[in-house]
Amino acid sequence: MTALTLTGVGHAFFGRTVLSRVSLSIRRGEVVALVGPSGCGKSTLAHIAAGLISAREGRVANHYRRHAMVFQDPRLLPWRGAAGNIAYPLELSGMSRRERDLRVRQSARMVQLEGQDLDKFPVELSGGMRQRVAIARAMAIEPDFVFFDEPFTALDVALKRRMQDLVIAAARHNRFAALFITHDLMEAIRVAHRILVMHHKGQGLVGERIVDGEPGNRDDASIFASMQAFLRSDIAFAHVHDVDERRRT
Amino acid sequence: APAARLALYGPPAGPTITLAHAVATGALGEIAQDVSLTVWRNPDELRAGLTSGTIDLSVVPAQAAATLYNRGMGVRLVNVMTNGLLYVIAPEQMLNGFADLAGKRLAVPFPNDTPDFIVRALLARHGIADSVELTPAGSPMEAAQLLMTGRIDAAVLSEPVATVIGIRGREAGRTLARAINLQEEWGRVTGLGPVVPQAGLAVTKRFSEDHGDLIAPLQALLVNATAQMIGAPAEAAEHASGPLEQPASVLAQSIPHCNLTATPASEARPALEAMFSLMAESDPAIIGGRLPDDGFYAL
Amino acid sequence: MGDRLGRLGRFAWSGWSGLAAVALLAAVWQAGHEAYGDFILPSPMATALAAIGLLAAPENWTLLLVTMRRALSGFFLAGILGALLGVIAGYAPAVMRLSRPLLTVALGVPPIAWIVLTMIWFGASDATVAATILVSATPVVFVAGAEGVMTRDRGLDAMAEVFGAGPIRRFLSVGLRQVCAHLLPALALALGTSFKVAVMAELLANAGGVGGALARTRAMLDITGALAWVMLSVVALVVGEYGLVRPVRAELERWREAAQPWGVKR
Amino acid sequence: MGDRLGRLGRFAWSGWSGLAAVALLAAVWQAGHEAYGDFILPSPMATALAAIGLLAAPENWTLLLVTMRRALSGFFLAGILGALLGVIAGYAPAVMRLSRPLLTVALGVPPIAWIVLTMIWFGASDATVAATILVSATPVVFVAGAEGVMTRDRGLDAMAEVFGAGPIRRFLSVGLRQVCAHLLPALALALGTSFKVAVMAELLANAGGVGGALARTRAMLDITGALAWVMLSVVALVVGEYGLVRPVRAELERWREAAQPWGVKR
Amino acid sequence: MTALTLTGVGHAFFGRTVLSRVSLSIRRGEVVALVGPSGCGKSTLAHIAAGLISAREGRVANHYRRHAMVFQDPRLLPWRGAAGNIAYPLELSGMSRRERDLRVRQSARMVQLEGQDLDKFPVELSGGMRQRVAIARAMAIEPDFVFFDEPFTALDVALKRRMQDLVIAAARHNRFAALFITHDLMEAIRVAHRILVMHHKGQGLVGERIVDGEPGNRDDASIFASMQAFLRSDIAFAHVHDVDERRRT
């Protein structure tokens, strides 16, 4: 069963093409990492897939119940505290107040936000805390598809691992499928079933790598080794690896 | 046959006192069962009232009546209700004649209105138009304020404001007096006697069509009422105090200076035409382009 | 709780500075009085006494309430209509383009050009006053509403959309709040305008209320009385403002205050 | 270049919709005319012809220019003063707290309460008109300036500070631009108000210009003439608005347009 | 010669203490990495050191000529294009137009921004591009002290290495000293002379590590090894490594 299928998707801003001929499909419960140079169109693709931008060409088909997104910037409502922000999608779904409070507290605990931080307004939160609120917000509604757009960049090592483990566990228990945009190859290798590499100018996907084993069964050393191997041997990763390589094409 | 209703309107000035008195004494009962008097404060109300038909008869400036007539609104003048209530108010002893205005600062509220034209004409006749500094004032209130603080030397005011400012001045220890009676000055110029037929009762087209027969009896009643009122100003002041929103005592003092009358329009025609001609000198449009013809004079 | 107390404290403090402003005004006024005398500018003390004297008579309360009712109903009409149209125009550029010229006309045409129409339609009634207020106060609310929508953070809209909010929910939960930040100062302006215009319209259209009383006192050349009525209408306005606009505003601006902690340089 | 052409195109397009709005207005006006007749509301056609007739006489041009000059000088005064005070109040909460009540008073006091003072000070001159405009138009500019400062992005201020900008440079390079986004709509409002108030003040203070001409035509009950003058003043306002406020605004809003690309749902 | 010295610095927001007793000193030409859990007060410390926040206690002394900062969020002027944003500090320093254009182009090339991207407004840039504009802006003025607050989080592997190499080269040629806040331990080990670890509640610095050798002379494998060693053996890194560890103290 596929959860999301994109066929020949393309887009242009002001007549400048930023994406073309992108096709991909994600199965239920599958975590697919998307990597690619900065500015190649990953976020645009995620926005198209989530229905926020209507693609200029191509088709988007989804078969999941409800999706969530962790945007590249936190996009918190500045007039609500952290708790209020986490509660926002729950309110939209019409959940009762009591259940909502419970869920908010659960999600907050999951991302290591403490009680006193829950009352803070976004301006009072640190960068990492803001990102965690955004993650908690996406997770609170128990989506079955999640778009992660560089979700853990502002987190410290320990928290990042925590969050990755969360994604791994979700994938293992088939709780959600995910499109996981990241620049951290080790992260991609750690959490994903499959890694897609985008062309440096958005002209389709130039590579696909199925990562050995199941997410969660890979130890750090082997992940590091895989990463080194990818970067060295896989032509698709050349652009990711070397800036000058991009110029040549 | 008596009309079902008679809606009288008037500005908050002398002539309306006559109407108020007539209404209060029930004198108009033979004309209509339901008589009402409303005071309007600005010409827009008059315009709106004429258009929407809420007005039957109204005291209006003669000039406005002429314009309305000439513009085809069918408004006709029944009578002239005042022979002029304009005075130059100045500190006592300052002015001994119109010519003394030379070199003085004079405020004339009501720009583009009858007093404005009369004063300008008189200044021109006396050859002092250039030496008098005319200070515009938005309303009698401002003119009075400026006068009482001595920022201007004199102001042209009409009754009952002229009386009020005298009273206020006395309260404040300043004696302001009616230094010049503009009616007399005007009479000297026209040779028609001290008459400035400033305002009169105008009847709307609709009323004169439906109840044209009532106009003559109404005039007769008003003549009566005027005579009564001049005999007993205190009583009339009492009756007018409400509609005009002025204390009765003030109105009682004012009435003798209002030159109230109820002269049929055709009788006052020479005085009216003298005044209209003067106004038309600068711009005929001010009276609607020409002197109103016979049809204008309802009685 | 402590939070509310703190806000109350700040409110009281702003009350003090309000008092300072009033004192300043009274001082300038007094100076003007001393320069020009009773006839141009009665002293603030005398005016205040006259105003208090006016309040002793119950019928004057009625006049004040009539004007206040008219001003407030005009204000609500203008606020609702302006905000509604403004928001619509903010979302729909076509509506905006169509309504801008009309706005300019509404703004730029002096009331005397159309007041006679309202007098024909409504007579010397509440409706005339309300219509006059509507024309005077709506543009400022309209513009604020439209600006609020146009300058909103579209990123937040996208966020709400991802989490399943339809256009209405999106507006209510995300847009409205941002619009309010623009709208509230405009509403405070509109409220002040409403009171002023109500008094002026009453005066011009001869419709009673404070404007009518003002006309009467002016006809009697009672300068102190006239100023006392103006003072009462301003007091009514201040009561309206502190009762209506400020509390809402304080509640909405809480997060902005959080952004200005004491230790941080401004 | 192509960019400028595109903007020109959009300007022309907005001209079309402006025309549509004018047509709409004329239709409603015509309907009103047919309902109430010449004496209350002359037809738009007759009014336009009268207005054109007025323009044939050079002395009427003078009147129009006098009013335009007064309105614009009042507008500039109000704009500069309001923006200055507003910005100061935005940065200094103490000034804000002190000036809010004064603002309320300025807003809420009907002009007749203080017009005598301006008459004493300035007589029936340009200054009276300017002072009246000042009091009416300053509050809206003030509020916009203060809001602009208070809602500015403090992060950008900190950025500028790190790169060595002192308070003045910081304001000029970072704050001002954000203030302008609030200020410009307010200035458009203030401009409209200025024209209206200029005409009204001329009419009340008998100070010539379009207001004086309006008073004359009204005294003659020449309704078509009066409306023609109103029409001319509105046309002057529109010229002022499109000549002054709009171009600045279009330049300032360029980046905001970039945020609304065609492909993106709104 | 020290470039920056903080002595016993502490701060509180609304009476809630977020920093206390932080002392550190950075020599000229030295790159010091600062790591610590999310929300521990790193950004606050950098703001205090840069003079943006006045500390509640302690002293800040600096001996450099001019500093620059790469904020945690890009903080670009939304009404200026990328080029205009890079030029902004140059304008402040009163540089002539011609020289400014040159510098802008140089800096932009350094962060791999292409000509057409330079005209885009921030809203039109991708997340990583925005971050690169912020980096270029900081570098364009040739500061001799730079505060980096998680500067390379949104960049792809290749760009990140590029940028790190830039910092390494600068440090090697003594061009600037830097306080380098990061969550990426490998990055810290790669670019820094010294790594400071902040207490998870901002109560001072709990560890200091001098990294062997000079930045730039360390290869990836050894960096990975050092990181693993730090995380395993150094008590100071325990908090960074493990979220649950934080709870205990």
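For clarity, chains are labelled A, B, C, D and E in written order, and residue numbers in each chain start from 1.
Rule of thumb we're sticking to: contacts are C-beta pairs under 8 Å (C-beta built on N, C-alpha and C of every residue); 3 or more make two chains touch, one makes a residue touch a chain.
Molecules present, by chain and UniProt name: A, E = ATP-binding cassette domain-containing protein; C, D = ABC transporter permease subunit.
Values in this document were obtained by computation on a predicted structure and should not be read as measured data.
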Chain A to chain C, fewest steps along touching chains: 1
Most distant chain from chain E by Cα centroid: B
Relative to chain A, chain with the most remote C-alpha centre: B
Mean-CA-position distance for chain E and chain D (Å): 48
Chain C and chain D, separation of their C-alpha mean positions in angstrom: 19
Per-residue overlap in chain C, given as positions that touch at least 2 other chains: 36, 40, 112, 116, 120, 161, 203, 218, 226, 259, 261, 265
Where chain E touches two or more other chains, by residue: 13, 52, 73, 124
Where chain B touches two or more other chains, by residue: 47-48, 51, 139, 141, 145
Chain D residues touching chain C - in the complex, by the definition given at the top: 14, 17-18, 20-22, 24-25, 32, 36, 40-41, 91, 94, 97-105, 107-113, 116-117, 120, 139-140, 143-144, 146-147, 150-151, 154, 157, 161, 181-182, 185-186, 188-189, 192-193, 195-196, 199-200, 203, 214, 218, 226-227, 230, 233-234, 237-238, 241, 256, 259-260, 265-266
In the complex, chain E residues that touch chain A: 13, 16, 35-39, 43, 72-73, 112, 116-117, 124-129, 132, 149-150, 153-160, 162, 183-185, 220, 224, 228, 231, 239-243, 245
Partner chain D, residues of chain E touching it in the complex: 47, 50-52, 66-69, 71, 73, 75, 77-80, 88-89, 91-93, 120-121, 123-124, 137, 141, 147
Sites on chain D touched by chain B in the complex: 36-37, 39-40, 112, 115-116, 119-120, 123-124, 204-207, 212, 215-216, 218-222
Chain E partner contacts - residues on chain D that touch it in the complex: 155-156, 158-165, 169, 173-174, 177, 252, 254-255, 258-259, 261
